[in-house]
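Per-chain numbering from 1; labels A, B, C and D assigned in written order.
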Amino acid sequence: MSPADLKGIIPPVSTPLTADGEVSVPDLERLLAFHLDSGVHGLFMLGSTSESIGLTDAQQESVIATAVRVASGRVPVLAGAIDFTTNRVIDRARRHERLGVDGHVVLAPFYIKPSPAEIVRHFTRIAEAVSAPVMAYDIPGAVQTKIDRGSLRILAQAGAIVGLKDSSGQEANFRGVLLDNADLPEFRVFTGSELMADIALALGAHGCVPGLGNVDPAGYVRLYEAFIAGDATAVRAEQDRLYGLFAITSVAQRPEVGWSAAAWGSFKAALVVRGVIAQAMPTAPMSPLTDDEMARIAAILEAAGLGPVA
Amino acid sequence: MSPADLKGIIPPVSTPLTADGEVSVPDLERLLAFHLDSGVHGLFMLGSTSESIGLTDAQQESVIATAVRVASGRVPVLAGAIDFTTNRVIDRARRHERLGVDGHVVLAPFYIKPSPAEIVRHFTRIAEAVSAPVMAYDIPGAVQTKIDRGSLRILAQAGAIVGLKDSSGQEANFRGVLLDNADLPEFRVFTGSELMADIALALGAHGCVPGLGNVDPAGYVRLYEAFIAGDATAVRAEQDRLYGLFAITSVAQRPEVGWSAAAWGSFKAALVVRGVIAQAMPTAPMSPLTDDEMARIAAILEAAGLGPVA
Amino acid sequence: MSPADLKGIIPPVSTPLTADGEVSVPDLERLLAFHLDSGVHGLFMLGSTSESIGLTDAQQESVIATAVRVASGRVPVLAGAIDFTTNRVIDRARRHERLGVDGHVVLAPFYIKPSPAEIVRHFTRIAEAVSAPVMAYDIPGAVQTKIDRGSLRILAQAGAIVGLKDSSGQEANFRGVLLDNADLPEFRVFTGSELMADIALALGAHGCVPGLGNVDPAGYVRLYEAFIAGDATAVRAEQDRLYGLFAITSVAQRPEVGWSAAAWGSFKAALVVRGVIAQAMPTAPMSPLTDDEMARIAAILEAAGLGPVA
Amino acid sequence: MSPADLKGIIPPVSTPLTADGEVSVPDLERLLAFHLDSGVHGLFMLGSTSESIGLTDAQQESVIATAVRVASGRVPVLAGAIDFTTNRVIDRARRHERLGVDGHVVLAPFYIKPSPAEIVRHFTRIAEAVSAPVMAYDIPGAVQTKIDRGSLRILAQAGAIVGLKDSSGQEANFRGVLLDNADLPEFRVFTGSELMADIALALGAHGCVPGLGNVDPAGYVRLYEAFIAGDATAVRAEQDRLYGLFAITSVAQRPEVGWSAAAWGSFKAALVVRGVIAQAMPTAPMSPLTDDEMARIAAILEAAGLGPVA
């Protein structure tokens, strides 16, 4: 894979489980086929939405092996090497490479409270130790550290990272990253915000990694294609529709349900409603949604014109 | 091990590394002997201070194997099963059990934003899945989630956890935990604050897990023994002296050095000064201290009367 | 003033001081004339950038009286009624009305940690107690509370607020506010982000309240007029240029200088460089910028083509 | 007043209101008498618990005038000069001095994000501008800024502040302040934590400013007197009892009730139950407690042996 292959819609693929909490390979195969049939431009396995942090090492390897097999070279397969610090990420990324991933997605070091110099050292050492390209994943809401523009610039210029997935929700800073690196056409910048994909593209981003893209990948692909075609009206209409669809993530507002369970669980619930996967089981210890919540999600989907997948 | 064996001073043992970043087993053996010779009442391996999150799985197993071998049953060996969510902790804890640990130290689920119900489910499932006792480790500064008093009470009553290590720095809440569970004499409560060990003991805690105890374990043991002997004056004098010694953690205040590198690195630096270990190498990507910083730490140690270990 | 008069560029006017810390009315008059000559569509006095919270009550009244006199009805004059809670805001807003302001800008209640119901009660009571229209000012970075979409919707529908100034930096949520209230054409939505004015307008906002607009009001007016004229290329070019100019806010990165002093002080420094005001004195206790920092700001201005005002 | 007069229990006196939200002077007189009859060593008016930030300037002056009149020189009357920045605090403090207060309680500058140098400048200028002594009030939970140990040390040595009220909840840091300034016997240190008064005294603090002291001032006075008498058992018994009583602050856990309304409102509710004041009206926009919540607070009081005041 060359970095230039990274563009468009690369959904962070949910990880379907069986009732006893194991990865359901048949469901995952169907979900991957659903994405590929919808025209997505890449697959991001083991991201946040994928509940990477809820899967054991063996389960993670099963997910990657399945994705590589199903994708079969048609689109790039990226995988999150989600771990605390440098050497742990390297170990994990090397295992992923042996399974055939095309690129790694790597967080700032966390649990420790890193300085910018430590952030730069982290990505630099990882890039030296692995073969496939590394994309930085900025998600301060999860790891408490923001990867600052200065560090990104150093890493981009050095080629230690080939791109960025920005899930910071800090759009003005995101714009700064794009301006900073406008002289590096190979540097690929993606937004993780499914609610601002159109804006990110307008600002110069190369694509979007939308969690909500699990539910309606075709919608995001249409949005991207309309953007490439220069049809601003169509882009806007898709994004506004998808903004409304995001309401599914707020359905499970009970004290028993954490934020992650409500959001990631709503995507799985929608995939059940659409007939793509068999059940909406979360990884432990996240709380499952109730039948009532599933029904309310189904109603939102119906209102959005999203029925069962043929 | 019975929970009643958990008491006194249980240092979170630093992990000495070689120049190329591998666990230095000879140094670790010397450090463990230093602790045991100082009279500590237990060993906590793979905690925060131990840079658990900087060590690969293989390195973690080397640390545990060494500690179990050196301790040789004289004191309990606890190990942090530091991971994001339930099933990952279970995998890790089972590996640790095969290596002979006496108990597990487990964080709230993190990266996800768990509800109290999800926190309770996390510890409950882990306790069901492992053999050795589980101690909860509350460190919201690292994992963003505080384990609330209500959840601790449920878990303590159910026996899912045998105790708590509180590194929240929220002393008033800590007192509440002690009051809540005063009817459960088996429930063992430790503070992780090396600066408030005397207060924690006075409030009813069973012991302390002091990071600074790596540098002066004998001091903490004297503090504990003076407390048991009812010698309040001696307790206070030790704690005030140790409070001053904590200044070593603030020596490396450069922008290049993150908070964790400065604090954990200062303990390793002091161990080098005292002749216990050979070098103060941190796990990647943390920045090492400079010779000048080492010299300033040496001066603080000298002022505190802590010379080379005979 | 009708709410429909609120549109376009409404700068949060800096408050020039004399060397002894009093409001410099002559400098303020020149600054107001500079804004009006540049074509701004309104004036926002006593906002954050204006150092409202650094001015005594008497100084605040001097600022408002001057603005009302200079504006002389040509553009609306809004004033921040910046205070903690309901009755204090009402007292302040009534004083401002006696001085002739056209509208009030009001924060969420702060210091207390309000519930959404308390936020709604706050704005509702204020609207009932004053005569001029009230605009909500959402700036969680300053007051720790985010005004949630649900509360804004209730207040907009009830007419308790005629608009919103959003300085949250949460662009995706901002978009939600616009979508929520698309059926209320009178509801006026402004962004406080000088770095995302173009995006806010594209999303349906009615204007921008740019702190950086103190330095280059003509640039923001051109941006707005290009947007109205449908010239997307010109809009983008202005915004990108202004994004670069924002670098002046990062010049004073010394430990002695707080964030606010560095940002608000850089606007005053630029106004000195441009010859609009006589000196860059901040309100106490903020640290003034050094001559070296002033020179670096001058260099950034020169590079941006912003010389002394004729 | 000399700083040495500041010691013991100095409750932050609640501000009773009438049904229409005005200060109820008769109720305030009764509450002040209740405190004085209970033996408190000073009165702190217009603090957080007093809802200072909910009272208009005129109401604040009424509160101070009443307190000065009722205290009549028997105990020191301190008043919060609660405002954002230096000159605003000075204006307020001067008004308070004209009304006869014995000392000022002053926050770190807020709304701005001050540097340590700016914090030092703030207190230094205020001390120069007023006549009565100034006590620093550290409450980062309300104002987002922690007054660091270094700044406190500079200000204490310079005599710019005569003491500290610490409501940070950071007990280990509080201990450091006491150790840092142990060579300044005139420097008076108070804790704002009603749950850790015994610990603060044991660490060397001179007294406590307990919000819960509104409900049971006699209990806190007994705690203090037992401490002075060296009766550790009696100190502990009082503190443990008062810890339990603090449960009243958690009674109103409805989404409609903000944290401040629940806590401060519970003190007023308890004062109604005890017959000291006529009603538990909060300042706007805080939500009042319901009859059911009042009844649950009454039950907690009854269990604690706190009946109507004779």
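Please note the rule applied: a contact is a pair of C-beta atoms (placed from the backbone, for glycine too) under 8 Å apart; a residue touches a chain by one contact, two chains touch by 3 or more.
Because the structure is predicted, anything quoted here is derived from the model rather than measured.
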Chain-contact steps, minimal, separating chain D from chain A: 2
Target chain C, source chain A, minimum contact steps: 1
Interface with more contacting C-beta pairs, comparing C-D to B-D: C-D
Centroid-based (C-alpha) most distant chain relative to chain C: B
Residue-number overlap at the chain A/chain B interface, same or different (half cut): same
Between chain B and chain C, centroid-to-centroid distance (C-alpha), Å: 49
Whole-Å separation of chain centres (CA-atom averages), chain B against chain D: 36
Chain C: positions in contact with at least two other chains: none
All pairs of touching chains, each written as two labels joined by a dash: A-B, A-C, B-D, C-D
For the chain D and chain B complex, residues of the former touching the latter: 169-172, 175-176, 179, 193, 195-196, 199, 202-203, 240, 243-244
Chain D residues within the chain C interface of the complex: 21, 48, 53-57, 59, 82, 84-88, 91, 109, 111-119, 121-122, 125, 142-144, 255-261, 283-287
